[in-house]
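See the structures that follow.
In the two complexes that follow, subunit A is the common piece, with subunit B as its partner first and subunit C second.
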Partner chain A sequence: MGNRLLSSLILTAAMSATAQAADTKVIHVMHQGDPAGVAAIGAVAKAFEAENPGVDVETIYAPHDAYNEKFSAAVMANQLPDVMELDAPFLANYVWSGYLQPIKPLIDKDVLDDMTNSNIVQGTYPVDKDLYAIGLTDSTVVLYGNRKYLEEIGARIPTSVDDAWTREEFEGYLEKLSKLDGVKWPIDTFRGYGIKTEWITYAYGPILQSSGCDLIDRTTWKSAGTLDADACVEALTMMQTWVKNGWVVPQSAGTNQFYAENNPAALALGGHWFYAEAAAAMKDDIVVMPLPKFGAKGASPNGTWIWAVTKTSEHPDVAGKFVSFMLKDKEYRTFIASKSGYPGLKSFAAESPLYAAGGAMAIAYEQASKTAIARPPYPAYPTITSAFMQAVDEAFNGGDPKAALTAAAEKIDEDIEDNDGYPPFGDQQ
Partner chain B sequence: MNMQQSPVPSLAKQKRPARSKSDRGRLLQEASMLAPAVLLLTLFLIVPFFLSFWTAMTNQPLVPRPTPLRFIWFTNFVRIFHDDLFWTALWNVSRFTFWILPVQCGLAFATALLLHQKMPFRNLLRGMFFLPAITSMVVVCVIWGTLFQYPTGPFNQILGFVSGGYIQPIDWLGDPEWAMFSIVLLSAWQAYGFQMIVYLAGLQGIPDELYDAARIDGANAVQRFWHVTMPGLRPTHVFVLLITTIQAFKLYTQVAILTQGGPKSSTETVVHYMVRAGFEEQKMGYASAVSVILFVIVLIIALVQRQLLRRFDV
Partner chain C sequence: MSDIALSVSQPNEKPVRSAARTFRTIQTVCIFIVALVIISPLFLLVVASLKDDRFQILADMGSFRAFWVSDPTLNNFKEVGHFSGELAFGRYLFNSLLILVTTVGAGVIVNSMAGFVLAWGTVKGRAAILSIVIALYVIPQESIIMPLVIMVSRAGMTDTFAVQIVPWIASPLYIFLFYQFFAQLPKELLEAAQIDGASIFRIYRSIFMPLSLPAVATVSILTGIETWNQYLWPILVTQTDYARPIAVAIATFFGQDSIYWDRAMAASALMMIPILGLYLAFQRWFVSSFVGSAVKG
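After this line comes the complex of A and B, so read on.
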């Protein structure tokens, strides 16, 4: 009796499963994000399913800091998702390895026409100049200041990217702030994000570039002679000195010292996303400034998490439709805007007064067209960023910057050599 | 030492009559019962083990790449031995082992002695002392990460309060001088429960008659401890020492969660180095070479330890 019940249950379950498989298209969407972001993507998936009967969207969450490891695991198990979120500097590696397909034919034309230049650049593979990924957003890093403290030391407050602080001004202010009552640390550079995080390459790389060097030579694709050149050593030594002087919030003190009670940190070299939480606590006391000019020219980062369709997808058309749907979804846009999301689509920029002329983050938006430099679009990027993180940790804790950068450059070049120069990158010249 | 040997081998040797039909049938039966275990062990333990030797001599990437797979002999090993970071990692693991052996085994031994006494709520207490060991290391790390916070975490506040503000806050996990020590503290606390159970079992294995005889001979408590308990625990000591050393060399989780090898590589460990090479930099061949080296090191240490302890008549 019990047995018969059980077997009939199994039978119905099996039947409904096959019935579902027959006329349902399933797409898997791999993504990262904080709990609110995960919920937002879940809501998009539901809305998409409601509008497209016969489509089943399954979201797969992978944590931010281990995202690439999780993706590699998916590759090895031959279980690539259909749609995947990826960090822009890793795009070259993924396309070179053959995981992604050109996305232009799959995305609605109005969305493609809506992309900002910087958004197009971050989704383009430099070898075939084709578009492989698209995002609603872009990103940048700015210098946040505490208005009260800045007024107390009589600092000049830049109003445009062109009159950013020079290195002398910046370091002079840091010194003055360090002696000011109530300031425990003159600046937070968000060491609290950890030492194994893309933040390091993303936010500190532009300091090297502004000082006149780079992570790797972008024509010969060699790191030795560039990353260990005097300009880079000088830049890393400069940052090391800030840390040595006790000017920088230490790693273990967290990431909220800028807006925590009594504002222990006076400045914050923070991502655009930091504005939402800081402004919530500090209201009008927050000043948004461009990144300082450490050398002849200014530099700022760009690139963020963008969406791509994998080569192995069985339903690339549905996958593309989902991406288009998500980027246009009203509620998803509202959510991203609530996180002070940095617009990567023109229509989204129009909906974001924060970044428009006169908005609090207008300077952040100005940086995109004036100083933004993408991280090297090169398949060796995973090694480049890992080696640079190692060097920065070494230097910030008192190690010799020259030795640390030399070791990093060697490691990067070794990886390139191991991969025969990542053809066709090597044969371009 | 023969006294402690297990009785199984002698039983097996008992008698071996000429092979008969029923004997062959029995062999077949034994073989068929062994087969699943042997097959699974071969497939998931022995084959991968030898595969890693092979992979270590190639430029195998983590995931398929357009570059061809090449046999590169010992290039990976040469590179590892030329990498300062590898030596730092090895040195760190040795430091960790050197500290954790006395702390963890001492703690485990002391609690085992305490909980071996006849006292009320003994079983309840045993369970409580074992609790950290069944708590996930990840959870322990997150909790201890909060305790270690700088400058206002609970540990620093307690230190400041007890010393009347004399001791400045310590950056437990952010100071290269302190980071490894902090990891030792939390690791010992999390894992000592296992060694404690082993010691408890060892203590229970010492026959009461020996204690009674010692008492009749007029031995006091200290003498009974040194001349009955300690000799009776020798095999346990060997086991605990070996297993703790091997575990210490495989230090990874705590480091991956709390310090990611920093600050200034002061908590970089061999396994963390291996994972970084294999999964972040996607060099599977290189990572396999590290794993082979780690295997050899652990094997040598285990053999040396056994020999040393045997010399002390264990």
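After this line comes the complex of A and C, so read on.
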């Protein structure tokens, strides 16, 4: 009798556990970020679970500098998460490789309608023109200036994107600043971020584009003849000269020389995220200006870390629901805003006085509509960025810009050739 | 004659002694400089961990201020103690220690057994096996890391402690190191024990292992350092914080937009303590093992 009772109890417990497990939908969310970011995403996951009984959100954190390795391992081990954060320029490669699914049917309509044009562009795959990822934020790079130094050299302070400095003005000011007392380096181009991050392609690529060239021809998808064209060589030589002249903060000096004690750097070509920390230290001494026009037109970068749903997800509906929930979550928005997050949703822009007309970063928001150029939305992008980073590093270390860019272009074209032109991209020619 | 010799040798000895003294002084200064170069990064790490402002840490870098803290605080250590993530920092430390102790313990047993069998065992083809072991040593870990990821994921080992321990227990280098050490011990030890009727395991456990403390210390320290510093492997094979070690936790402080140098330094200082303890515990044998290897050449 006792044994029978025990058996039935065990059976009941086992059955209820199995039923509970079967009812629970588990989604895995892979992301990167700093401690506060990890905590914010953790809080969103808990709030989502509370609002959706029967759903379990498991977050997978991967450090920023090892994110791609972690992603590759997940692919090889057939353990792709349901939701993943990805850097926008890598989207084309991931979609082409078959890792992601169109996200439009999975995301709340009000969120889709809320996207800025730049946000739509960063999440769209150019072949089928479908949306594969969405973000709360976008990004840009602006030119920060030290008001005191600029006034001392009598520099003109641009008030709109149309008003941006020309190359002649910019280089003239660099020279004047290099001779000004108290200025150790006229500009910080954030070499301190190193050569293994996306920074070089993201921030220096627009200098090439403004100079009249690009990383790759976006019609023929060939790099030779474009990346190593005279305009690009001239642009890289110009940057190399700044370094040779001792105008640029060296890599070893870190990333805070603009607002460090005594303000050793007078200008900073920095991301929108740099504003929060620089403004906290410099208060009203900081001036936000558009990127200079190095040629006939202005150019600025866009794209940031956005959210996608993978093709292997067993619960794409729940995954999409989670992304929608996160993008609308008030606390998550407050956290992103505290880091001077650059709005990728119109409603988030309305909540961000920093970027609104009259706001300190209004010019940054203006840049997105006037000069933003996405990094090449092409499956060979990982090779493009790696080859370009190498070329810039070589030039900054005294190498010949022409030779460095030619080698980079060859490397990119080799990769494209090895992949038969990444069809259907090649077929579109 | 001896008086003459004495009177002749005295003026010569002084310059010789003074030259020797000068040489010793130069030697001491050189050793001091080398020690300073080696210790300075650790000192800088500890000093930086006591500074309250991450931007100040950066600003001080590149000058002697990096080695000085005017207003020391333990705030960074407190913040590290409560830092975000599913688990507290103490848990990451526990995970790392568990992985370290298990890998080192199992590594010493498995590698020494293999080394002993290769040195004194009766297995046929020992020389061939030894050649394979040496050949395996030259294969870089990076080249096998992805196939290994696939293997462990198919075995259902991801996100466990086992996945961070099992693949790294057996090591061609340490097997060879034990083999070399055992092979140099006199054969008479083995023969005497065999005459007394001891089994091969008993000979290994009661005679050869107690004589092998320098080799055990070397393998323990090297395995310990390797295991403690594992970074990429745990990232690739773990999904959650459940079994993640401290090195991965520290990487959280290196964000996309900003680096929390203050907390990273404090966490790194904490991370340094156990491995320093391991080295101090085995230091005597570790040094003698290296000296022994050098003498035996």
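Throughout what follows, the second predicted complex is superposed on the first by the 409 of 429 C-alpha atoms of A that agree within 3 Å, B and C clash if a C-alpha of one lies under 4 Å from a C-alpha of the other, contacts with A are read in each partner's own complex, and residues count from 1 in each chain.
Heads up, the rule we're going with is that a contact is a pair of C-beta atoms (placed from the backbone, for glycine too) under 8 Å apart; a residue touches a chain by one contact, two chains touch by 3 or more.
This structure is a prediction, so every number in the text was calculated from the model and none was measured.
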Judging by the criteria at the top, classify the pair subunit B and subunit C on subunit A as clash or fit. clash
Considering only touches as defined above, state whether A:Ala253 meets subunit B (first), subunit C (second), both or neither. both
I'd like to know which partner A:Gly194 touches here: subunit B for first, subunit C for second, both or neither. first
Which holds for A:Pro105: it touches subunit B only (first), subunit C only (second), both, or neither? neither
Given the touch rule stated above, what does A:Tyr61 touch, subunit B (first), subunit C (second), both, or neither? second
Now for A:Val38: first (subunit B), second (subunit C), both, or neither, which partner does it touch? second
Looking at A:Gly225 after the superposition, I want to know if it touches subunit B, subunit C, both of them or none. Which is it: first, second, both, neither? neither
Kindly classify A:Glu277 by the partners it touches after superposition: subunit B alone (first), subunit C alone (second), both, or neither? second
Just subunit B (first), just subunit C (second), both, or neither: which does A:Ser72 touch? both
Clash with subunit C: which of subunit B's stretches 20-28, 92-100, 182-190 or 200-208? 200-208
Note: overlapping subunit A surface for subunit B and subunit C spans 69, 72, 76, 252-254
Can you check the complex and tell me which residues of subunit A touch subunit B? 68-69, 72, 75-76, 96-98, 194-196, 250-254, 382-383, 386, 390, 393-394, 396-399, 407, 414-415, 418-420, 422-423
For the complex, which residues does subunit B have touching subunit A? 59, 62-67, 79, 84-85, 148-151, 171-174, 176, 259-266, 276, 279-283
Quick one: which bits of subunit A touch subunit C in the complex? Just the residue numbers, please. 28, 32-39, 42, 58-66, 69-70, 72-73, 76-79, 252-256, 259-261, 271, 273-274, 277, 281, 305, 339
Residue numbers of subunit C touching subunit A in their complex, please. 55, 58-59, 61-62, 83-86, 146, 149-150, 153-154, 158, 231-232, 235-237, 239-241, 248, 251-260, 263
